[in-house]
Structure formats: structure tokens, C-alpha cells
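One chain, chain A, appears in both complexes that follow, with chain B as partner in the first and chain C in the second.
Right, the complex of A and B next:
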């Protein structure tokens, strides 16, 4: 059983810049946790601090309840896979994998067995005598993972391990990493800036920005109920649509108005438990898949609206055609079945599923929630 | 490329411009080789031949008298045992001086690029400054220091002087070379459990071959050819080759034996030439490799 606790960890550099503030994370045994965020958000700094490669300015890091905050990297029993793979260029693949074991003074025969085991598992057993320079990117990636696996550490750290691979190989290795995790049940902390990698691999995702964790939750939670505008826009591809609206009231309660290309008004009601007032400016967030071709059987559902929209551009992706149109004069992306045959310059009847609409406070960027406010972070 | 051009290139076209270029190149090469030519020819001549003949003419008879005398019986000051002993002096001094300064330079460079500490950049700046200190400036303080250490006028003292003076250069070479090594390799090794020296011996040093070659050539040439430190910080039988050569040329008993002087000069230059022939290709390669990556 391995659990990793990060308590109130902060990082300040000498020049006074604060990179990380009060980071709190509980990583459970066998959990696959992904730190995701744009570059410069502090995710790599956090990972380096877990590895012991950077000093922790404040707070504590506990591994199985042992304080490792200031322990040297070698004493932590943590392995890391680097973006550049960081293979030792002067050593063969065998020695690259064996190096950590040699340092730990394993008996020669045990090393041999372990290297063979790991190499077989990663299908690199035919490459053991090669030098890293003689390997392809994907093979180097496997050796880097083998080096981490051979030591059987308590925690694995992955620092953007797939970023240097080409698109096809990246998807393959992504599947492989997930399979490996399911098979071995290891505790993994994984840094990436790729939100698709985060969604597909993680048990839980921590979305970071400017040294602060914006939200921590399962991929579904992060996707369906983002805490704020940043998380909503960062996770999901194509990104969520944001439409500025003003709160109004009618005899059924609070609502906001959307208008289609013909000027027809669609009144989207606000749930009664949302803390909004008449005249308040809000931002309505709607995922592209909430704007679709008309599905007659769903029209009768509550909060489903139909309107006519002028198609400005289409991007066929195969299963869907991403379609650019305007709602309230704002450019919006819709995800439409190719059978509906959207064509640029033509008007198209579309359906809005407003039950998926989220509302954000424009100045703070926070999502409007049913009071009392609960925060998962 | 179009066909006519290809065809054109195959023909040996001797234009006036091309002729001029080759002529200039040959003239320049000849100019630079002239001294070596004179030195070599003169060393194989007899003294009579030198007096009567032309500077550039071939020897009437090829003799090794000059070489033999330079090596074993020419007078350097009061003793007349040739320069062989000094050749050995220089070797005994140069080998440890080169080895120690190269190794320490590698270690310094490793620390200054991979294990930064507060003030490490300042330290490197100061070390760099050492490259610009002229030899003459450190003569007196160094003489005093060697006296305190009790190794004045010994080979060990001379080795120390060369190590200290060379450290600025060797550190600069290694530091800049290591700057281009990916830092993640060091991080990976630390996570693998390797310590400071294990990383140095097992990972960093094996990757340093090109820059070791550059440094060894640089240091070997500088130390072997050094005259000033040799003449100031050594005495008598401990003097290096360069000082002995000077003494040999300046010791005149009767007629001047140019053939002996020339042979001794070639002997003195031989080791550095050898090092260039053996490792010269690494020199350019190592320097440019650092330049491109850094």
C-alpha cells in the first residue's frame, strides 16, 4: 500500500516569485493522478518536488505517512519517466535498466532476472544490447519506462512522457500506459498539458493554473461540472462555448435569452436554486455536443429548444462535423452528425440542450452553484 | 541541377581566377612551410656545408651528426649531455600537469553546470577572468607560494603552477561542454540512486571524450611549449626542454653549430606535433560540437 500526501506545499524562488501556493493533494494507493494545466502552471515544479529534485519552500510531503519533504531523491523510492526519456547515452539498453539496481547493490543474477522480466513485459527484450541512439522514439520511451519499472518503486512519476512521440504512437503508448497501470496497480502521478491524455488515463485529474489547483476530481466531474471558466475552457476539445447573457425574469422565474440567426428568441430558464438576480450579467457555457441536429424524440424533453442557424463553416472529423455558427452574435461550435449535412452559407435547424448549460460569474470566473456553495479542491 | 551544368562540372575547367586562387594557396603554404623546410634541411647538414651552402639548398651529404649531438652531447650551459635528460624532465612534468588539470577541469565544469549553488555563476566568472591574467603577473606571488610550500625549483612545483594556471581554461572547456548535456540525465541518475561521484564517473565522464581530447591537446601544447614558468620556477637538472633548448642555442664554444640547434628545436617540437597528428581531428570536432550545441 502506497499513499502520497502533499500538505500545504508551496514553492517560492529567491527573487520573490511564488510558483506554487498551498498545494494539497491526497494520492491514494494504486491511484492514477494526473496534473494538467498550461505550461508555466507549476505542474512540473510540483512533480520535481515530489521527486526531491527541487527544494520545498513550505509544507510537507508524506509517503506512507513518512515525512520525505527534505529527503534526497535516492532515499524516496520514487521513479520518474522524463519527457526527453533521459536515457544514459553511453550505456546499452540493458545497463540503462540495470543502473538503478547496480547502484542499490542487487546481486548480479537478480539484476539479470529483473531486467529480462521488465524487458519482456515492454517487448524490448530483443534490444537489450543496443545503445539508446540506435532506437526509435517509441523504443526509447519503452526503455525509459523499463528503467522505472525495474526498481519497483513505491510511486511512479511521469513528466509529459508522450509529448515527444508522433500522434499515432502517442495514442498507442497511451493505451499501453493505461494497460500497465491496470495490470500492476501502481501509484502514478502523471504530468501533461494534453487534456485528452488527462481524460483518458486518469482516475482523478488536478487542473492547475498559476500555481494553484483549480479543481480536483474524476474526469467526468471535471468535464461535467467544472469549477470555473478556466477549467471549463481547458478541458474538452473542441472547447466549451461561452455566451455572455443577462438574467431576466418572467412569470416562470429567472431566465436568460438566446437568439438564433432568424432573430427567434429562446428563453433558457435558470434553475431556481442558483443565486442569480435580475439584470445580472452571466456567461453561459455550453459544450459543442449540446448543440446538435434536431432529434425529434428529444424535443419534448424539458430545456430543449429548436432554432434556425446560419452555418458559417464546417470541419468534418468523421463521426461528427464540427459546425461554426452564431448565437447572440457569438461564434459557437456545434457537434453535428454528418447525416444532417451542414453546409456553409446554408441555414440549418438545430437543437439546443439547455439542461447541460452552465453559468459562470464573469468577473471571478466561478461557476454559479446551488447554494450553499460546495467546493471540491 | 540541369544537365548542361552537370556536364560542365565534369570537365577540368582552368580559368584565370581558379589559377590565381591555387597559386595564392600554394604560395601561402610555401611561405608557412619555409621555416620548417630550412630547419629540417639544416639539421641534416654538416657545419661546413652550412657555412658554404645556401640556406635553402639540399645538404651535400645527409648526416645525423647534428641530431646525435643535440640529443646526447651538446652543451647546455656547463653540462654537456645533450637535451635527452631535459626531454625526460619535460615528459615527467607535462604528463601529471595535463592529467591533473584536465581531471580537475572536468570536475569543476561538472559542478558549475550540473550542481549549481548560490554564487556558482560568480565563481565561474572569476575563473574565466583567470584566463586573461598574463603569465608575468603571477611570477612573484607564485614564487613566494612555492617557497612557502617548500617545492620551489622542483618538478612538483612546476606541475602545480601549470595545474593552477591551466585550470581556468580546462574549467571553461568542460563547463561549456556540460552545459549542452541534457540536465534530465542527471536528474534520472539521482532518482536511480547515484551520488555525486557515481554520476561523474559512470555517466558524465564517458560522455566527455571529445572535450577531453580538446583539453588534453590544449594543455599539452601549452605546458610543453611553456618557457617562462620553466625558466623561472625550475633550476639546474629539473629544467624543462624549452629552457634547455634556449641554453643550448645560447651556449657557444667556438663556432655556432646551427645543425645541432635545428635538430634540438625539432626534437623539442616533436611531441606536440605527434599529439596533433594523433588527436587533431578531435580538436576541431570537439570545439565545434560545443559551439553548435552551446
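Right, the complex of A and C next:
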């Protein structure tokens, strides 16, 4: 059982240019942690530092409470799967998997049984004598995973392992990775660009931007209560809708105004525990699935509004139709059941579930959170 | 026929089209002709001459393989061939080792790599004549290294390879290696740069040491580069004429004679054109013996790929 702690880790490739800043991550034993973030935010750099392939500029990395910050890669017992698979082109599949074991001076017979075991598990046992160039992308991917599995390391690192596969194979391999994790129960750190991969695989997700972790939490937490505008816009597809609003007050408390295509106003109340003041500019975030066709049984719920909206464009995806419309003159995407039959150029009655609305501070991008004092008051 | 009508109109168009098609061939024709006559023509001519008894002037009376038999009994030819074997093996071997080694060192993301690369590559820009002359001075006991050591007070130091018939061939190797290993380095450096860095990272995680990574994974991946380097180096070895002329002129005696020098001496200064032609044909056979299998494997590889 292996836990991995990353304490205040920073990285500077050049003096003055900070790539990673004060990264703190506690990865529990057996946990599947996923790092997501835009290109160039330092995900690979962090992985390479965990693996020992890149110097750590500051901070500490602990594996089971042992300091491995400056240990050579071979001494860490960590395996990594690379985006490009990084198979040894001159060796057969068998030798690719066996190489690490040979270097660790395993007896020949043990190597043989281990390679066979891994190859069976990944269904590549019929490919063992082939060279990597003679394999398909998916098969190469399996070999790369096999190479990582064979040593039975303490921690697996995956750096975008599926991003070179076509969409169908990616979904298949995603399931396979998940099964593998459930079966082996080893600690995994996994980098991906694909947020569906992140949502489906992770126990916890760390969202990074410009070398800083923006939020660390379970997929549900990240999706439902993002810390800031960046996380909110990065996670979720199609992305969350953002509508600038101004806080107003009436006798029921603070509210913001939304208007539909007919100019009808919908007053969305702010929860009393949010630290907002009258006249304050905010950004209201609403996921596409909070704007739907009218479901009469839900209309009676609090914070549910109905309005009339002009449809500008539709994108049928199958299970639902993504529909472009305007709220407060802002383009907004709604997720509508195909049965509601949204058509471009036609007006449509829609329902807004404002209970899912989030509010963000425009300058800092932080989400307004219930402050404990106000809750008491 | 309906279609026949537009034909008159399209005639000038056809003319220009066929001219356009023929133009590349027309432009290439003179150089092709030149190559045919001056390379393959003279090759054939030399081949024929090698079967005659030509001495000072070519004579076209066919006399069979006599010149080849004379050649094989010629002491100097045998020395030249032995020298070539020694020179070729050591020159190619050391150049490869040194070139690969420097390339690997330069590949470790060191500072000032660009400057070092240029320094190592520079000898390649110098002609073999200059290399030979420079090394002649450096190795000359009364001018170069030995004198320097003596002047510095190390009076027992001797380095007389240039004048020692048993060692003189090694001075050729030193000079040729100096000239060519930078080129080998450049070839391998380019090859190393082409290797995916994550392969090396993966091997590091597998626990392999740097030397092991290079020996087991990186260098085997560079097999095509080895082939090309050996091809180029063996060409240089077999053709090397200018270097020997400038450095030792085949001496002392004929202890550093090489086939190219032998051929030149017999064909042009000793009035034995027939024998010279025979030795030239032997050299051609040597080059072909290396080139043909290489081309064969290359072309076959291409077709399969």
C-alpha cells in the first residue's frame, strides 16, 4: 500500500520563470488521482518530477513517508506510461516488457511467467514476438501498459496514455484502465486533456492552470462547486454558461435579473448566506443542463423559472439537442430533449433551474461562497 | 467525326505540351551524356586496357589476365592492400567509436553545444591535402611534437612514427580520424536527436543506466546511421590518395603505399598503364563489393516499407 505526498513542490526550468508553484497533493493509497489542465500548465513536468526524470527545484516528494525528492528514477519503484508509448523500437514486445525485469536481475523463469501473466491480462499474448512498429496504436498502448505493470511498481504514472487513440478505442481503453485499477488497487496518477476521461476514472481530480492547482476534489465536487471561473469553464462539455449580472434588492432579499427573448424578467434570488452587496457586478454561471424544456412537475419547485426564448442554432447530439439562445443578450447553450423539437428561428418555452446557479466575482474569478458569519446572521 | 474538328486548333497547344515534357530531358541530356562517357565510358576503357600489355602508351592488343597476375605477384601491391586493410579497419573503427562517443556526450544537453559541434565538424571543411601537410609538420620529429617536448625539457621523448616504416601507416590513421570523426559525430548527433526522448525516460524508469540505455536501445535504433557512416568512411578509405600524398607520399620506402597511390604511380609516372589499369579495376571491385550489398539492402528495405 502506497501513499504519495507532494509537499510545496516547485519547478523553475530557468531562473525567474516558474513552471510549477507550491504544489501540494496528498495521494492516498490506492487512489486514482487525475491531473487536468490546459496545455503547458505543467502536468507533464509534475509527473516527470514524481518519476525522478526532472529535478525538483523546491519542496519534497514523499513515497510512503520516505523522502524520494532526489532519488534516481530507478530507485523509486514508479512506472510511467507515456503519451507516445515510448516502446523500445528495436526490441520485441516480449523484450519490451521484460527489459525492466532483466535489469532488476530477475531469474529467467520468473521473467517468463511474469511477461506471460501481464500479456494475458492485457490480451497481447499473441503479439509477444512482434516489433512495436508492427502493432496498431491500441496494441502499442497495451504493450506500454504491460511494461508498466510487469514490475508491479508502487505507483503508476500515466501521461495522457490514451490521447493518440481514436475515439472508439479510447473509450474501450478507458474502461480497461478503470477495470485494471479496480483489480490491482494501486495508486495511480493520471494526466489527461479529456475531461470525460477525468470524470469517469478519477477518485479525485486536480485542476491545474499555469503551474498552480486551482482545485482538488472528487469529480462531483469539481463539477458542482468549482472554486473559480477557470475550473467552472474547464470542466464540463459543453462549457458552463456565464452571464454578467448586477445584484439588486427587493423585499425578499438580494436577486439578479435575467431576461428572456420577449423581454420578460426573471428574478433569480441570491442565497442569503452569499456575501454580495447591492449594485455589485457578478457573473452568473449556469450549466447547460440547467436550461431545459419545460417539465411541468418541476415548475412548482423553488428557483425554477419559465421563459420564452428564441432559438438561434441547434446541435443534435443524440440523447439531447444543444441549443443556442440568448439570455441578457448573451449567447447561452441549453441542453434540451430532442422531443421538445427546438428549431432555429423559432421561439421555445424553456425552464431555468436557478437552484444550480453559481455566482463568481468578475475580477478575481473566485466563486462566491457562503461565509459562516452571514449564515449565523 | 465530330471530335476531329478541334484538332487543328489544339495543335500549337500540343506542341508546347510536348516541349514542356521534353524540356527536362533535353536539359539533362548533356550531363547524362558526359557522365556516360566520362565515368562509365572511361571505366570500360580502363577495364579493357587492364587486359592489354599497355606500358607508356595505351595499346589495344588483348593479352588476357596477365596484368592481374603480375599485380598479384607485385610486392608493392600486396603491401598497399595490406595497408589499406589496416588503414580501413582502424580508420573506420576509430572514427566510428570517436564520432559516436562525442555525439553521445554532446547529446547530454550541455552548454555551448553549438560551438563545440562546429569545432568538431571543422576539420571536415579542410581538404585532405591541408590535413596531411599540417599533420606532417606536427608529427615531424624535428619540427612538431617531439621538438616541442624536447624544448620543454623532456629530452628522452621520441615520437618518430612518421619516419618509422612500421609505424608510418598509423600517422595516416591519426590524420584521417582527426579529419573524419567530426563528420561521423554530426551524422550520429542528427540520429540521436531523432530519437523520442520519452524512450530514454522509459528506460531510465526501467532502471537502466545511461551506458546501458545507449548500448541496448539507442544505438541499435541508429543502425541505418551506422550503415551510412561505414559507407562514407570506406569510400574515403579506398579513395584516399591526397592524404597519403601530402603526409607520407607513400614512404618511408613504400611502407605507407595505398592502392590509389600505387595505381597513380604505375599508370602515370612509371609507364605501366596496363598494370595501373588492373589495379584500378581491383579498387573498383572493392568499392562495388561494399556498395552493392548496401544498395541492395537499402532498396529492398524501401520496397518493403
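Definition applied: the second predicted complex is superposed on the first by the 370 of 377 C-alpha atoms of A that agree within 3 Å, B and C clash if a C-alpha of one lies under 4 Å from a C-alpha of the other, contacts with A are read in each partner's own complex, and residues count from 1 in each chain.
Criterion: contacts are C-beta pairs under 8 Å (C-beta built on N, C-alpha and C of every residue); 3 or more make two chains touch, one makes a residue touch a chain.
Here the structure is a predicted model, which is why all the values come from computation and not from measurement.
Student: So, on chain A, is it clash or fit between chain B and chain C?
Tutor: When both complexes are placed onto chain A, chain B and chain C end up clashing with one another.
Student: Looking at A:204, would you say it contacts chain B, chain C, both, or neither? Reply first, second, both or neither.
Tutor: Touch status of A:204: no partner.
Student: Does the superposition put A:104 against chain B (first), chain C (second), both, or neither?
Tutor: both
Student: If we overlay the two complexes on their shared chain A, which of chain B and chain C does A:11 touch? Say first, second, both or neither.
Tutor: neither
Student: If you stack the two complexes on chain A, which partner ends up touching A:170: first (chain B), second (chain C), both, or neither?
Tutor: So A:170 meets neither chain B nor chain C here.
Student: For A:78 in the superposed arrangement: first (chain B), second (chain C), both or neither?
Tutor: Touch status of A:78: both partners.
Student: Determine, under the contact definition given at the top, whether A:287 touches first (chain B), second (chain C), both, or neither.
Tutor: After superposing on A, A:287 lies clear of both chain B and chain C.
Student: Based on the A-chain superposition described above, do chain B and chain C contact any of the same residues on chain A, and if so which?
Tutor: 48, 51-53, 73-74, 78-80, 82-84, 86-90, 99-100, 103-104, 147, 151
Student: Which chain A residues qualify as touching chain B in the complex?
Tutor: Those in contact with chain B are residues 48, 51-53, 72-74, 78-80, 82-84, 86-90, 99-100, 103-104, 147, 151.
Student: What residues on chain B touch chain A, complex-wise?
Tutor: Per the touch definition, chain B meets chain A at residues 182, 184-185, 187-195, 198, 202-203, 206-207.
Student: Mind listing the chain A positions that touch chain C in their complex?
Tutor: Against chain C, chain A makes touches at 48, 51-53, 73-74, 78-80, 82-84, 86-91, 99-100, 103-104, 147, 151.
Student: With touch defined as at the start, can you tell me which chain C residues reach chain A in the complex?
Tutor: 196, 198-199, 201-208, 212, 216-217, 220-221, 223
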